[in-house]
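What follows is a pair of complexes built around chain A, which joins chain B in one and chain C in the other.
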Partner chain A sequence: MRSKAAIDTIPVTKKKTFVFNKDKGKKITSFLTFLGPAFIFYGIFMLIPLIGAVYYSFTNWNAGSQVVRFVGMSNYVEAFTNDPYFKDSMFLTIKYTAIVVVLQNVLALAIALFIEYRNRTKSLFRTVFFMPNMVSLIISAFMWSFIFSIVLPQLAEYGLGFLDQGWLGNPDVSFYSIIMVAIWRGTGYMMIIYIAALQGVPVHLKEAAIIDGASSFQNFVHVTIPMIMHAITITVFLTLNEAFKVFDVVYGLTGGGPGRSTQVVALNIFEEAFSGNFRYGYANAKSMILFVIILIITIIQVYVMKGKEVEA
Partner chain B sequence: MKFKKSVLLFFVVLSLLVVTACGSEDNAEGGASSDSNEVELKVFIAQPRFKTQYEKYLDEFAAYYEETEGVKVTFQLEMPGANEAAQILQTRLSSNDAPDVFSLHALNEIPIFDRAGYLADLSDLPFTENLLDAPKNAVTRDGKVLAVPLETLYWGYLYNEDIFNEYGIEIPTTISEMETVINTLNENGVTPFIRSYQERYIPQLFLPLITGALSATEYPDFFERMNNNDGSISELDGFFDIIDLVDANGTDRPFEVDGDQGSNMFANGEAAMWVQGPWMAESILNSNQDINFNVAPLPINDDPDATLINASVSTSLAVSNESKNIEVSKALVNFFLEGEKSGELFQELLFNPVTTKHEFEPFTWLTEAMKYVEEGKSYQDPPIPNAVKAESERVFQTYLAGSDSQEDVLEALDRVWQQAIELESE
Partner chain C sequence: MRNKKKFSSIINLIVLVVLGSISFFPIYMVVVNSFKSQDQIFNSVLSLPTTFKFSNYTEAFAQINILQALGNSLTVTFIGIIGIVLFGSMAGYKLARTPGKVSNIIFLFFMSSMLIPFHSIMITLTRMANRIGVQGSTVGLGLIYIGLGVSMAIFLSSGFVKTIPKELEEAAKIDGATEIQTFIKIIFPLLSPILVTIGILNLLWIWNDFLLPLLMLTNVNDYTIILSVNTLFGEYNNDWPRILAALVITTIPLVITYIFLQKYILNGIAEGAVKG
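Presenting the complex of A and B:
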């Protein structure tokens, strides 16, 4: 039996719920409006093909087949046991990744330090070092292809003999040509991240260290580096990710050649799917393997480096 | 209320976007087939260097077809480069987005595409009656004519007539005679061969030349046995002899020289011979109009009967089985050989005659090569699986770069051949 007073309180409770909905509603609306389009594109162009790829990796879909048959794990087994080219390309990619990750990060940090402690020419150098990143990757690959095959041999005739290499034609040298172009292009982006991180290092900490008698090297290693560890985590993650999946640079410069001497994993998968027997299903399986490998490595890397991050 | 309203509005906008996106796709498809007086054909020809000539000829067809059938034809012409063409075409065919008319390599690709069911049967079209024998055989499979041959090739290697005449060199009929020719050239300070290994298909040219010549003489059932998984490419004696000979006597920096640069070098007399075919004729003549070059059969061993011309049909036009305008497409490909200006087109493209209707004067290199063919000194380009050709592109490059041994190369080719045969039978 509700009293009249009790009934009168009901609209109040209703009003409260109304206000609560309004706030949450606003949040959800803005969430959907801002993330919705991006999520739609992500869903259509990344998630759905990913699911399709996983499905097709269990089939024997190829160019000549009229019927697509489900073959279970045999594609994965074949990739691990009966594909010497895939193995070789995996080793080559790991070698490439190791070199590029280390070099790109060290160089980016060095350039960032150099720029950060300039006074007047800071913007100029920042722009100059970032410009390679603004050129489209495939265009820069073609540009460098021109430089390597025509410009450098011409320059070599003017006395700079060491420039007279088979930059793209010699299997031993072409690997390093690719690394050169990749570093030239990627360092700018990492440098920007490092500059931002360096700007966030509290000055009073460095001053305190100097007062305590630390040399500039000790200052750098024990004060600056821990303070920018979060940036290092990010840049190592980005360079690791990018290096494992490298395609454009290699395709534009050497196409994987001569022979297969510079064929990285992405190119090996591309060759499997789009030439020879056009084995789409098998290529999908190899892509899945690459995906899992990158996933595991980057998870380990982020986990390890996050543990080393320090709050100011 | 406001919460529900905004979410509702958002989803309405979203669904509108999705519907318009799907809708516009349908419209494009609907537009092509709904109006029977206007037809749009999607034509895919992988020869961008002949863009103007093909466009002109397609316009001729449009005029002819409108006159005779009253239907207006427009074209969507796609001309990717040779390197990407196979990938693009294969993707389009596999995803049910096939062009109505597309170019393919008759000997390499008809078996693959036919097995997958992409090619329409053209046997009842008028052009088949006037086809010359050799091209007709190349485009026929299981008794059905599946493509219109455009580019026929008779090749071995190219040689510079002026240089040969200057030093009184006769065309070698055996590999020992070739060695003598090389010595004469070296003594006179002329580099014997152009080496151009940057583009993968160029070293690969040795594969059909050697296997074709050997299977036509010493190993007659080689291909039959290979395609039944009963043979090995290592049985072929002296496979690498001519490859090594050419490689040891050629221009420098072979991996920096591609087809175009090689044409330039050959046209400017930087070497006397080039293991290439007359499809480079246009590039060579563009570099130097005055060069006199010709085609000769490549000797591969000391048996003069094994020095033969390779007769092949490459670029051909096929009609997609799933084309929505199959009648018009068939009429188009027929017109390529039966049309009034067909002979003119073939001359402009520097193609050889393929029908009895082609009455133009053949090119010098064709006349020379035809002499060999008429003497019976030729073989049809051998039926090597596409995957093996693709593999040989890479392993030959690695071999010529010095990283692979002869056994590695032969083993790789065997393995890929086996795989290709197994996949075919799946």
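Presenting the complex of A and C:
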């Protein structure tokens, strides 16, 4: 497939057809002119902070520290062995990610398939489902706070008793409230990617399958799915990444509460650094753990799913 | 056969209408109730407003100085997008046009950060911004977005440059144009489809971003629109009329953007995904 995931695309090295060694200085100058600006901004705001974050994750740096001391692996050891809140938040995030990735992709693909079926109302429905994605994550959380605390309890009075829940106040329910909002906001984006992929499925393949007597379900499983596998790889990659890093929605809806019942990892790190203990070094160590987990899981995901992609 | 087809078409429509209504319901509720008084909201949230209470909007405007906040959001987004598009495409172009080991290494160097969660760099980034004096300014915030977003732009534009034939540049070179002139006059226009994609993806990201402005902007007068609404929500937790009005105002610029750029936004997302 032509499409490639971010991690495995490297420009192909071609043999030089001509050697232009006349002016090496000029070549370097032009390199600097074109790459310099990007390099400076990237270096200052991405690279140096990143290197710093790795370094400080091995120190006891905190808001009050006069001297920053190197403490070896002790932050990491503490995160794994002596921080129940962090462990809980990690498990919660993994559970959240599993549910959101599956639901969001299944729903987005289903809606995309349904919309592809329509003729005149295609763009109307596309807009309806995509609109939530134009609303900022934190604003979506505020909108849904209103829905959860005012609208649904009133709806419940019209015989829809099941809507009368402690949507944000009950620890058993609020986790699923967050998932609802995340899916409401995120599905439209994935739907757009799926629609584009479905439009790329060659019609002659489907026709050939129909002539061979395939039912529409068989057609879907054996023709459509393999042909849009590259899109599925990408959407799963995107949803996986986003779900692991979930922050805004939880911050806006529950703030991690009630208690710490909906505290996801990103929120745990944020609290450690900026609103709880101000232990920067330790928070950095936790964020490195999060990074490595995301890295490992996405590499496995891309590797496994790439293997299932086929050429048209 | 025809009946069966018609039947499944109707089922299809019903499912879409039901799901679509659920999807649209929260937005509808927020808009409708933003015109009601607190009493009306608490007593009949579902009904249409009997009288339109526009004062919710004027109060929201007064409360958080929305015009100023919109201006701040525009400044940040504008600086971020211009920088990302310009610097990203320059670097992507150069890397794509000079294949070799050095380019490969530089390319990888830029890409290596794409999987890193923002939470991993947020603490040291805040410190860096504080040290070099860009913390607490909208311009500074825009500059930070350039650093965070430029990798993705390099990735997308370098892929696109490879599809442009080299002959044009060679012709320009023979005509005596400098490299920069060639880039600005010839390459940049040819790149416009991918530049629009890059611009849109970054517009959706920067305009809607919450955590970075939260960490960087310290003065209320510099707050972006998202940050202002966050403050309002925190301070007037139960003053729904005002909050809902503010939520609607915040979302309107994006809805307008969508109406005008619909085609480009949807293409941009699909393109960005396939290439990314």
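Criterion: the second predicted complex is superposed on the first by the 267 of 312 C-alpha atoms of A that agree within 3 Å, B and C clash if a C-alpha of one lies under 4 Å from a C-alpha of the other, contacts with A are read in each partner's own complex, and residues count from 1 in each chain.
Simple rule for what comes next: a contact is a pair of C-beta atoms (placed from the backbone, for glycine too) under 8 Å apart; a residue touches a chain by one contact, two chains touch by 3 or more.
Quantities reported herein were computed from a predicted structural model and do not represent experimental measurements.
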{"item": "Touched partner set for A:33, first chain B, second chain C, both or neither", "value": "both"}
{"item": "Touching partner for A:261 - first (chain B), second (chain C), both, neither", "value": "first"}
{"item": "Touching partner for A:155 - first (chain B), second (chain C), both, neither", "value": "second"}
{"item": "Partner chain(s) touched by A:219 [first = chain B, second = chain C, both, neither]", "value": "neither"}
{"item": "Contacts of A:62 with chain B and chain C, given as first, second, both or neither", "value": "first"}
{"item": "Touching partner for A:301 - first (chain B), second (chain C), both, neither", "value": "neither"}
{"item": "Touched partner set for A:280, first chain B, second chain C, both or neither", "value": "both"}
{"item": "Greater chain A contact set [chain C / chain B]", "value": "C"}
{"item": "First, second, both or neither for A:139, with chain B first and chain C second", "value": "second"}
{"item": "Residues on chain A lying within both footprints (that of chain B and that of chain C)", "value": "33, 274, 280"}
{"item": "Chain B residues within the chain A interface of the complex", "value": "2-4, 6-7, 10, 14, 86-87, 90-91, 93-94, 112, 115-117, 197-198, 200, 253-256, 386-387, 390-391, 394-395, 397-401, 403-404, 416, 419-420, 423-424, 426"}
{"item": "Residue numbers on chain A that touch chain C, as the complex places them", "value": "2-3, 5-7, 9-14, 16, 30-31, 33-35, 37-39, 41-50, 52-53, 56, 111, 114-115, 117-118, 121, 125-139, 142-147, 150-151, 154-155, 184, 188-189, 192-193, 195-196, 230-231, 234-235, 238, 241, 244-245, 247-248, 251-252, 266, 269-270, 273-274, 280, 283-284, 287-288, 290-291, 294-295, 298"}
{"item": "Chain A - residues contacting chain B, complex", "value": "21-22, 24-26, 28-29, 32-33, 36, 40, 60, 62-66, 69, 149, 153, 166, 168-171, 255-261, 274-280"}
{"item": "Chain C to chain A touching residues, read off their complex", "value": "9, 12-13, 15-16, 19-20, 23-27, 29-30, 33, 41-42, 44-46, 83, 86-88, 90-91, 93-96, 98-101, 103-104, 106-108, 110-111, 113-125, 127-129, 132, 143-144, 146-148, 150-151, 154-155, 158-159, 162, 179-180, 183, 204, 207-211, 215, 226, 229-230, 233, 240, 243-244, 247, 250-251, 254-255, 257-258, 262, 266, 269-270, 273-276"}
